[in-house]
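Note that the chains are named A, B, C and D in the order they appear, and that numbering of residues resets to 1 at the start of each chain.
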Amino acid sequence: MEKITILVYDNRMTKTIIEHAQIPMQSVGPFKLTGDINTDELMVPMATYETPLWPSVARGARTTAHAGGIRVTLIDERMTRSILLQANNASEALYAMRKLETQRSDMQAVISQTSRFAKLINSHFQIIGNLIYLRLEFTTGDASGHNMATQAADNLFPWILANYPSLSYVSISANFCTDKKVSAVNGLLGRGKNVVCETHIPAKLCQRFLKTTPQALVDLHIKKDLIGSIVSGGLRTANAHVANMLLGFYLATGQDAANIVEGSQAINHVEVTPEGALYFSTTLPNLIVGTVGNGKGLDFVQKNLEQLGCTDKNAQPGDNARRLACIAGATALCGELSLLAAQTNPGELMTAHLKLERANRD
Amino acid sequence: MEKITILVYDNRMTKTIIEHAQIPMQSVGPFKLTGDINTDELMVPMATYETPLWPSVARGARTTAHAGGIRVTLIDERMTRSILLQANNASEALYAMRKLETQRSDMQAVISQTSRFAKLINSHFQIIGNLIYLRLEFTTGDASGHNMATQAADNLFPWILANYPSLSYVSISANFCTDKKVSAVNGLLGRGKNVVCETHIPAKLCQRFLKTTPQALVDLHIKKDLIGSIVSGGLRTANAHVANMLLGFYLATGQDAANIVEGSQAINHVEVTPEGALYFSTTLPNLIVGTVGNGKGLDFVQKNLEQLGCTDKNAQPGDNARRLACIAGATALCGELSLLAAQTNPGELMTAHLKLERANRD
Amino acid sequence: MEKITILVYDNRMTKTIIEHAQIPMQSVGPFKLTGDINTDELMVPMATYETPLWPSVARGARTTAHAGGIRVTLIDERMTRSILLQANNASEALYAMRKLETQRSDMQAVISQTSRFAKLINSHFQIIGNLIYLRLEFTTGDASGHNMATQAADNLFPWILANYPSLSYVSISANFCTDKKVSAVNGLLGRGKNVVCETHIPAKLCQRFLKTTPQALVDLHIKKDLIGSIVSGGLRTANAHVANMLLGFYLATGQDAANIVEGSQAINHVEVTPEGALYFSTTLPNLIVGTVGNGKGLDFVQKNLEQLGCTDKNAQPGDNARRLACIAGATALCGELSLLAAQTNPGELMTAHLKLERANRD
Amino acid sequence: MEKITILVYDNRMTKTIIEHAQIPMQSVGPFKLTGDINTDELMVPMATYETPLWPSVARGARTTAHAGGIRVTLIDERMTRSILLQANNASEALYAMRKLETQRSDMQAVISQTSRFAKLINSHFQIIGNLIYLRLEFTTGDASGHNMATQAADNLFPWILANYPSLSYVSISANFCTDKKVSAVNGLLGRGKNVVCETHIPAKLCQRFLKTTPQALVDLHIKKDLIGSIVSGGLRTANAHVANMLLGFYLATGQDAANIVEGSQAINHVEVTPEGALYFSTTLPNLIVGTVGNGKGLDFVQKNLEQLGCTDKNAQPGDNARRLACIAGATALCGELSLLAAQTNPGELMTAHLKLERANRD
């Protein structure tokens, strides 16, 4: 394998050689998607060391495509950065926060000095004693927006301190954002793209592709995804292995894959319909993805984004990233559907793993 | 770049071509480690799209090395798989679980039929109505142990059903394991390696390398890591960005990086010592790593594991994996130390990001 | 003791005799409060079986009064009820929720038909698959507002179903309110009164009244309230025993004491000031109290509310309840301060318990 | 009403007068219970300001009695106290904890010096940096055991410090117990009595007593108790209003009602059986109750405990308390069943509340 040499500078400005980790990658599909995105023949790339994931997701894609596809709905999008300030007391903190809420256009003017795309759309605060945790919420175009939000917050901070001399700086990041950490705030107040994926699968196709029945799948979902997660002390999570699909998808598309921490907090809702079919949905409130920014310039990433139709230069700002989020969500649903189906059958999971890993070793 | 072609078979046994995602990778250090591992000149590889991470971790390594190193203590290790059974009622469930606890050697005999390494060391159960969530806990040698634990559970299941005819199969995985999902159970009952990393940094070195004081760092830690995480509705998490370091480390060493979900639930504890120095610790209760198994056969992974001293053929089973966990923990500490120091200084974070990213683009 | 006989009707309309549980009750203080409430000589009644609580809270009151009092700030107030609807799919759900957000005045008109006091001030929704969790947020005057919010939701529901024929009824309560259950939503989106209580205690008074130093108390707070709660898998909680004070206060003032579940999720923030004094704060985001409604008509409750100055007939709607919340918060702070101080000294807690309980038995 | 005067001493030993809060109390039932307790005609007292609770619970009791009763299974019992120690580093902390685990009989000898009943049955520790959170677990006979556990810990502490000179005292309570605070630890490691209550109700009786169908109730349970709790950011909780029943029961039986905080973390599991009946279960992992200790000496409490059959002098130590826990659990189940049934019918909840409260005012 040829060595790719990239020169980087560390913070003492010495040159270093960068190598590359080679993560196995394959495209699976085809996916059929409807709703906020319409496509029939989409092949989705996933990079992972856990190669049995590919046929598992592929089975989900095949099943849902035969059943009419996956309907995807984008509910919300925003990127956040929280800053941490200190007041003399809670009363002064409250006064400042109430006044600040009336100054959104002033704040936007400050932000616009450094970014064309970042728009302040909301803010929330928590006052704990004399501390202020201020969560700023932005739309950030086609970028996932970590840096754009940090930059905006960095610009706002001096402006806030100048306008509210009674407040002082504590930190540019307050863990109330919150980035790549287990929390409830991202699900409840929003961070990244919130996407709902739904599919209806007739009992016959369940049997043919998934070797199971709608009722068996619903029973397992309730006892494992719902009760099992509650028993484990889970927090806003009700799925089997969404983290796996997101990791594979994020690595293949140049995303900051550490965001699978909040991405993993997805919620399945599964029912038998009055007609006896399977209604299967996966709701992913915190998909943090972009089509521009760090990692997106690599050749294979660009190729993958193109393959997914997420490099449309004529699209509105944000359209490409929204499309990418929709596909990420559908990929997660397919992996959920396939694994849960497998687990309704004693022994199937291990047999499949062994067979596939043995095959891959040949 | 040369294409590596690997033939794999999906579950319809058709051949496919695998490509590779090329994740930028660099070794940072040198690290000085003491305690359960002793090394002076360790260079740690990290693969990530977020390249500013490298100099940030490197700064932490440099600082701690000058200060005498990072003391690493391995507290515990185990891999788990929970299975889901159903009884006629809670009373029968309880009777079965109590009896099962007396049959550990019989269970081990069943497990030993398929694995030399898997040892059942403990089990916990939760009875919810007539459902049984049984969490089996194993040591698994140098493997992270996902598959070994699943295989052991797969073998045990028929044995349990044969010995307890009143119980029936619900699922081979009950979400009480729990794998790659946000929970409290992994921290409280253990999953993976539990590692504590500690360092003492004199005030002078804090100033020289981190441009901050012990007191400023402690203040920020309390308000951000502790209170900020609580405010965000965090669950057993008190850190700034442990997920970033673990992602980079896991990708470079062939780990299943989706396990950063639980890995991210790390807890910093930071104090000013009576002598005015900085005591900085990062406790990582759920480091799920191995030196054998999926992903470890790739050339660059083997090279990285060798570089880390984790391929010693003469070591006791598990020694290589334990060493790897210790290094993972120390890497996380260095990233925490460096970022928190940066955030004590208004503007430093963004300036550093911009400078490094600009440099990397040149 | 005289028996009080009240005739009630169960849902088959048969008469029954009601007795009374006699919970020991005492007034403690005097409290000195500043900020959103100003009082010098307030005696606070608490009803509890755990009688050592009285002298403990009294010590906190005495200490803070000598130190200049407790500053109380009311940050927010609202009562919530969530309803549960089902759509054909997430896309229709989203369409309905977005349109509904534009119809707030129509909704208020419906609400106003049955309540003079209930005002719809905000709403939040979560779409999970085809399910809608709609959280309606009201101000409710001097009532804690459970029933007023339920009544408002009950009136709104038929109106919503009539205006959105694609939606169907699932439940009048969706657990997204959430009432008397452990959650993150109440802290993050608000429910009840959000009150911050702060006090500064010079080191000298710390020693005289609390037998401890500011630094010892801060250290304990960090290791117990903050890290200890995180280690326990706590959720938005960082205190020692706020539930105790709220229970005593709620029972004495006719509140629905089951709301101590969310009330217990309070967060202490404690520091040594640059002057070496103790800054001690308790933030209680979910104080659910009222001065009218169920339980308030009992004689001893009225007497207690009067004693607290919370029965002012000339006050603005809501003023009496806000005052009550402020006092509840201050009472909690005093209990926190006193217990934490005791726990800095080995042996003091048990000795005090034994002495007091022995005294009470004499 | 006659005034009961009790002389108490605060910590300055001044006499004070105690009054009593008069909480409305009624006995509801009759309950039919099987399993770990056998009774047919049990009337259960509940004290609460929320008087509509009585007929609601009574409906549940009536329904389940007609259906053959509630089967109660006691899964576990223990009371805990965590202590907080500090070591020089994590390695010394680990060494001490491992050695301590081998010294259980020595520890029991120390405990036995002050208590006949407290038995150390297990311990768990968490090491965070150089801090040790040591959770001691006891059985405590018929007492709920807060004080007994604290006393035992208080005795053990000097013994530990004497035997491990490298450890130092931080606090007698570490919030890892955890008492009256929201956490995952109590559910996962146990605190109080863990009780499962189950009942089967034929569809016909569902219709007759609850005006609903098994399927409607199951649907609501899944969408409200399970998904709704997950959406709200709940932690190990899946019920509608268990806190209400526990509050009423705890006040009537002299319990420390602040323990409803952890008591509220109960989990319902509800299914339609193959025969079309309703299987309804409520699992309450943290029922903290006793028949001796604080509050139990009051006349009405003794009378209530007698009425419940929990004052048997010939019973084995702990039997009375276990019986009490079983009844508490069954009471909670009845309230859950009744409220969930009501919420399947639009409008029923509010109508019932209004009717009952109007009736009670007459």
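One rule holds in what follows: a residue touches a chain if its C-beta (ideal position, glycine included) is under 8 Å from a C-beta of that chain, and two chains touch if they have at least 3 such contacts.
On a predicted model such as this, the values are computed, not experimentally measured, just so you know.
Looking at chain A and chain D, the chains that touch each of them are B, C.
The greatest centre-to-centre gap from chain D, using C-alpha centroids, is found for A.
Taken over every residue number at the interface, the positions common to chain A and chain B amount to over half, indicating a same-residue contact.
More contacting C-beta pairs link the chains of C-D than the other of the two pairs B-C and C-D. One simple way to say how far apart two chains are is to compare their mean CA positions; for chain B and chain D this gives 35 Å.
Averaged C-alpha coordinates put the centre of chain C at 21 Å from the centre of chain D.
A straight line joining the Cα centres of chain B and chain C is 39 Å long.
Residue positions of chain D touching 2 or more other chains: 126, 128, 131, 184-185, 188, 227, 229, 231, 233-237, 267, 269.
Against chain C, in their complex, chain D makes its touches with residues 1-2, 4, 6-11, 13, 16-26, 47, 49-51, 54-55, 58-59, 82, 84, 126, 128, 131, 133, 147, 150-151, 154, 157-158, 169-185, 188, 219-220, 223-225, 227-229, 231-237, 239-241, 243-244, 246-247, 251-252, 254-258, 260-261, 264-265, 294-295, 298-301, 343-344, 346-347, 349-350, 352-353, 355-357, 359-360, 362.
Chain D makes touch with chain A in their complex at residues 184, 187-188, 222, 226-227, 229-231, 233-238, 267, 269. Remark: chain A residues 35-36, 71, 73, 75, 89-91, 94, 124, 126-131, 184-185, 188-189, 196, 198, 233, 235-236, 267-269, 279, 281, 283, 285 touch chain C in the complex.
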